[in-house]
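Scrolling down, you'll hit the structures one after another.
In what follows, chain A forms one complex with chain B and a second complex with chain C.
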Partner chain A sequence: MKDHYSLVIVGAGPAGLAAAVNAAHHGLDVALLDEQPAPGGQIYRAIESIPAERSSLLGAEYQRGSELVSVLRDSSIEYYPDTQVWSLNRKLEIGLVCSNTAAMITANQILLANGAMERPLPFPGWTLPGVMNAGAGQILFKAHGIVPADGVVLAGSGPLLLLLAWQYLHAGVKIKAILDLTPVHNHLRALPYLPRALLAGHYLMKGMAYKKELKRAGISTLHNISELRASGREQLESISFRQNGRQHVLETELLLTHFGVIPHTQLSRAAGCRHDWDSSQQCWRPQLDEWGNSSIDGILIAGDGGGIGGARTAEHAGRLAALEALHQLAKIDQRQRDRLGRKDRKWMREDLHVRPFLEAFFHIPGKLLRVPDDGTIVCRCEEVTAGEIRMAVANGHSDSNQVKFQTRCGMGPCQGRQCADVVENIIAATGGDSIARGGHYRGRPPVTPLTLGQLASLYPEEKE
Partner chain B sequence: MKPDVLIIGGGLMGFSVALQLVKRGTRCKVLDKDSAGRHASGVNAGGLRQLNRHPAEIPISVAAADMWHNIESLVDSDCDTRFPGQIRVAENAEDMQLLEERAAMVRGLGFEHEEIIDRDELYRLVPALAPHCKGALICRNDGYGRPFHALDAFRRKALSLGVEYHASVRADAIEHNGNEWCVSSEKGEFRAPVLVNCAGAWAARVAAALGESVPLKPGAPMLMITERLPRFIEPVIGAASRKLSFKQMQNGTLLIGGAHMAELDFEHQTTDMDWAKLALSARTVMALFPQLENVRIVRTWAGIEAFMPDNLPVIGRSSRSPYAYHAFGFSAHGFQLSPVVGKIISQLILDERTEFPIEPFNIQRFCKR
Partner chain C sequence: MLKRLDDNPEKTVTVTIEGQPVEVPAGETVAAAVLASGIGYTRTTPVSGSPRAPFCLMGVCYECLMIIDGQPNQRACKEYVAEGMTIERQHGTGVLQT
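Now for the complex of A and B:
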């Protein structure tokens, strides 16, 4: 690895791959860093090594990834798998660990394409072994062909739940129930966005087809579910929930939940990029212009890390950000950039038509976000409960950083990426600052843990 | 109701002063431009150290240690304090000689808290230490606390006794109209006959409003903390000829400091870590505890503190303005002194004298003659 590149791209999912290929095509020296052992990101996980049979179970949308990855393999891009980025600053210095050695490299332009994560949403019992994210279940299937052996309950809200149910159905997994926590009144909320969504109607058609097929296979989806609770002594034994005023209990050793996805903003925050609260997507997202420029010169962001748009939009955004990097580096002029980006801008606009509808349809009710139960753990690393957070607010700590100082929530190895948004929601609902005013945990590097030995290997020439 | 004393700065010093005053029936109002303990007070290393203090600080540090050992009687909380001792290790004969000279100097001043220990005693107290060390200087009743918890305890006790606190109040102008001080801010005017400057890294601005120019330099010493480990060390470890402060906290994490500075953007109150210096700290830790090579660092940070050129604080009356007092410039070792500073300032205000020797901390040492 060199210690300087014209363009460094972080993340080898659809945005990063499309950007890298586009930039290298114009003769730029590009380093593509990715924490996974193989390219594809979460969406196209294991795309190069997956057996054909499993690949076909995952559907055409998944197979789209092989095209992107094969172009990377045919290119001159320096691609570094198994590489963690633990630091980024406004001077465009990137701290990374590759093969257990830490390094600090620089770039003229940096493109963050580090995608999304599942929205953490604590409910009673969510930390029990046997309760997992649906996305994690899907990754196990993609990467290793692992599926639940003794049946599964799927619960939550969002398109991934439906997709995973359909994939499991075809893989022969016993689906005990699908619990839809989307409130019924979301249908009304989404209605005004339906005409525009029909412009990207293939997404809606696909969803309807999945639903129909599941129904035909006799898998019941229970709608308008609330008060989800997981119970068990050492691990999950049963779940309970309420539907139309009645309480139900279901025995299961595995529950996969999903409440939508939110951008990975750790690196953009570490660098000091400005972020806004998006009340439609119910998450923080970095401020970006239409080419992916963040509030810091030289840092571009594309794909779900810049706001949730899905895999196709990420590809377009990645190519556009690469054009912008080329423009910034004076490899192409503005007119060339605009001309070369015209199609991607058009396609991206079309692809995004469905988003406002989906965001309204799968809007997470405030009641769920604010965690009803004082005993529920919010920060898994430090085992801080919702009740302790409310107590800190009652004692005059009115924003998430003060609550963090007081309770240690967000001080564990995950750096608060699991609990930050939930803590902000609880504070806002308990009479503290609103989310937009109270702000987010201030970043404390490293973004991912780094060993003392790795840190000690940096800057060997530095003396006391 | 109008207060008797306005305190600028809602950090540990500000609340310590307020607490001592309110206990003697004085009405106080504490103003902070951010939130309580937002900077140095909330995020320092939490060391309760008499060991290796500047001779001028020894008397007040010893008095502060007594207060920390009984801190619950003052603030109804133990502030998560522990007193397993602080140790300064000698890695070679030269180090050992330096430490012995230091111990003799402290004894010569009439204090007994610093003591030399030999190699055997050192390894009995710290079996995990790399084998090359020769001995150490120790203060057995030193220890550490959790800064934000201490700040919160001081704040809550002060408020429970009637101190008023206003967050997000930035003093735009500070004037004396002949009878009283008037602090103007976006949130209105605050008036009182007496003013105390506990504004930490921002104290030079307050001092300037009192007609005093001080060579205060804001700085941001870096700290890092690791994942939790099984307990393997009790005392706080420093080294005679290296920059290091190393301790295992109550929850098993290791807190590592070395007085290396982050890059500070004072206007925006932001810091950037200096990874070259943190790498140096990591090498220092590995020289003394090589078994920690694979321990993960989970966070680093740097709080903004006030540094004076002689690394001694300013504590005492204003030299230019009436009924104004200073307590700032603790140069990254103020946490331990905070309880006694409250006592000193409250005595100066209410008794016009203090039992503690504070002449070395007079602001006039910076005034041009």
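Now for the complex of A and C:
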């Protein structure tokens, strides 16, 4: 690895791959850093190594990734797998660790394409072994061919739940129930966006086809579910929930939940990029212009890390950001940039037609976001409950960083990834600052844990 | 709770999970191997000692911290199995072995 590149891209999912290929195609020296051992991101995870049989169970959208990855393999791009980025600053210095050795490199342009994570949404019992994110279930399936053995309950709200159910169905997994926590009145909320969504109707068609197939297979989807609760001693034993005023209990040792995805902003926040609260996507997203420029010169962001748009939009945004980097580096002029980006911009706009509808349809109700039950753990690391957070707010701590200092909520190893948004929602609902004003947890490097030995490896000359 | 679709993988390695030798497919993450082995919880929390297991499997939740080859605080979802690897539950705060 060199210590300087014209362009460094963080993340080898659809956005990072498309950007790297586009930039290298125009002769730029590009380093592509990725934490996984193989390219594809979470969406196309294990795309190069997956057995054909399993790949076919995952569907055509997944298989699409193999083309992106093969283009990377045929290119001159310096690709560094197993590389974790733990620091980024406005001087465009990148701290990374690879093979247990840390390094600092610099770049003229940096593109963050580090994707999304699942929206953490605490409910009673969500910390029990046996409760996992639906995305975790999908990763086990994609990358390892591991599926539920004795049945599974899927619960939450969002397209991934449906996709995973469909994939499980094809793999012969017993689905005990799908619990849909989407409020029925979301249908009304989404209705005004339907005409525009029909312009990207293939997404809706696919969703309906999945639903139909699941129904035909006799898998019951229970709608209008609330008060989800997981119970068990050392391991999940049962779940309970309310439907139409009636309480139900279901025995299961595996529950996979999903409440949508949000941008993973740990690195962009550590760098100091400005972020805004997006009330439609119900998450923070970095401020970006139409080419992906963040509020810091030289830092671009593309893909779901910049706002949720899905895999196809990520590819387009990646290519557009690469053009912008080329333009910033004077490899192409503004007119070339605009001309070369025209198609991607058009396709991206078409792809995004479905988003406002999906965002309204799968809008997470405020009641869920602010964790009604005082006893529910919000901070999984430090075991801080919703009640303790409310108590801190009642004691006059009205912004999230104050609550963090007061309660230790967010001071554990995950650095607030799982609790920050929840804390802000609780504060906003308890009479503190609104989410947009209350601000987000400050991000600081190292954004992933680093051993002292790894840190010391930055200065090999000082070794004895 | 979980099973492998292909129970006859081409290449395997032998790791030790909580003292038990287990043959697992090469290329698996430690978290996947541990989940498939059915040992249940993979750590206890430093605050209340309650049992936890992998939750997100993509490196963001830090629930899967385990002791791998004697090193505490390793994200099991980010580490890959290797021949002879020892994998242990982490009880409470990770302590460096000296």
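Here is the rule we use: the second predicted complex is superposed on the first by the 458 of 464 C-alpha atoms of A that agree within 3 Å, B and C clash if a C-alpha of one lies under 4 Å from a C-alpha of the other, contacts with A are read in each partner's own complex, and residues count from 1 in each chain.
As a working rule, contacts are C-beta pairs under 8 Å (C-beta built on N, C-alpha and C of every residue); 3 or more make two chains touch, one makes a residue touch a chain.
None of the values given here were measured: they were computed from a predicted structure.
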Touched partner set for A:E35, first chain B, second chain C, both or neither: second
Contacts of A:T127 with chain B and chain C, given as first, second, both or neither: second
Contacts of A:G453 with chain B and chain C, given as first, second, both or neither: first
First, second, both or neither for A:R444, with chain B first and chain C second: first
Touching partner for A:P413 - first (chain B), second (chain C), both, neither: both
First (chain B), second (chain C), both or neither touched by A:L250: neither
Partner contacting more residues of chain A (chain B vs chain C): C
Which of chain B and chain C A:G95 touches, first, second, both or neither: first
Which superposed partner A:H144 touches (first chain B, second chain C, both, neither): second
Chain B versus chain C as contact partner of A:E383, first or second or both or neither: second
Shared chain A surface residues [contacts with chain B and with chain C]: 412-413, 449
Footprint of chain A on chain B - complex, ascending: 35-37, 42-43, 148-149, 152, 155-156, 159, 226-227, 242-243, 251, 270, 272-273, 275-280, 282-286, 292-301
Footprint of chain B on chain A - complex, ascending: 87, 89-91, 95, 104, 272, 395-396, 398-399, 401-402, 405-406, 408, 411-413, 415, 444-446, 449-453, 455-459, 462-464
Chain C-facing residues of chain A, complex: 35, 37, 42, 49, 51, 54, 117-118, 120, 127-133, 135-136, 139-140, 143-150, 171, 234-235, 253-254, 264, 380-383, 412-414, 417-418, 448-449
Footprint of chain A on chain C - complex, ascending: 1-6, 25, 27-29, 32, 35-36, 40-42, 45, 47-48, 50-63, 65, 73, 78, 80
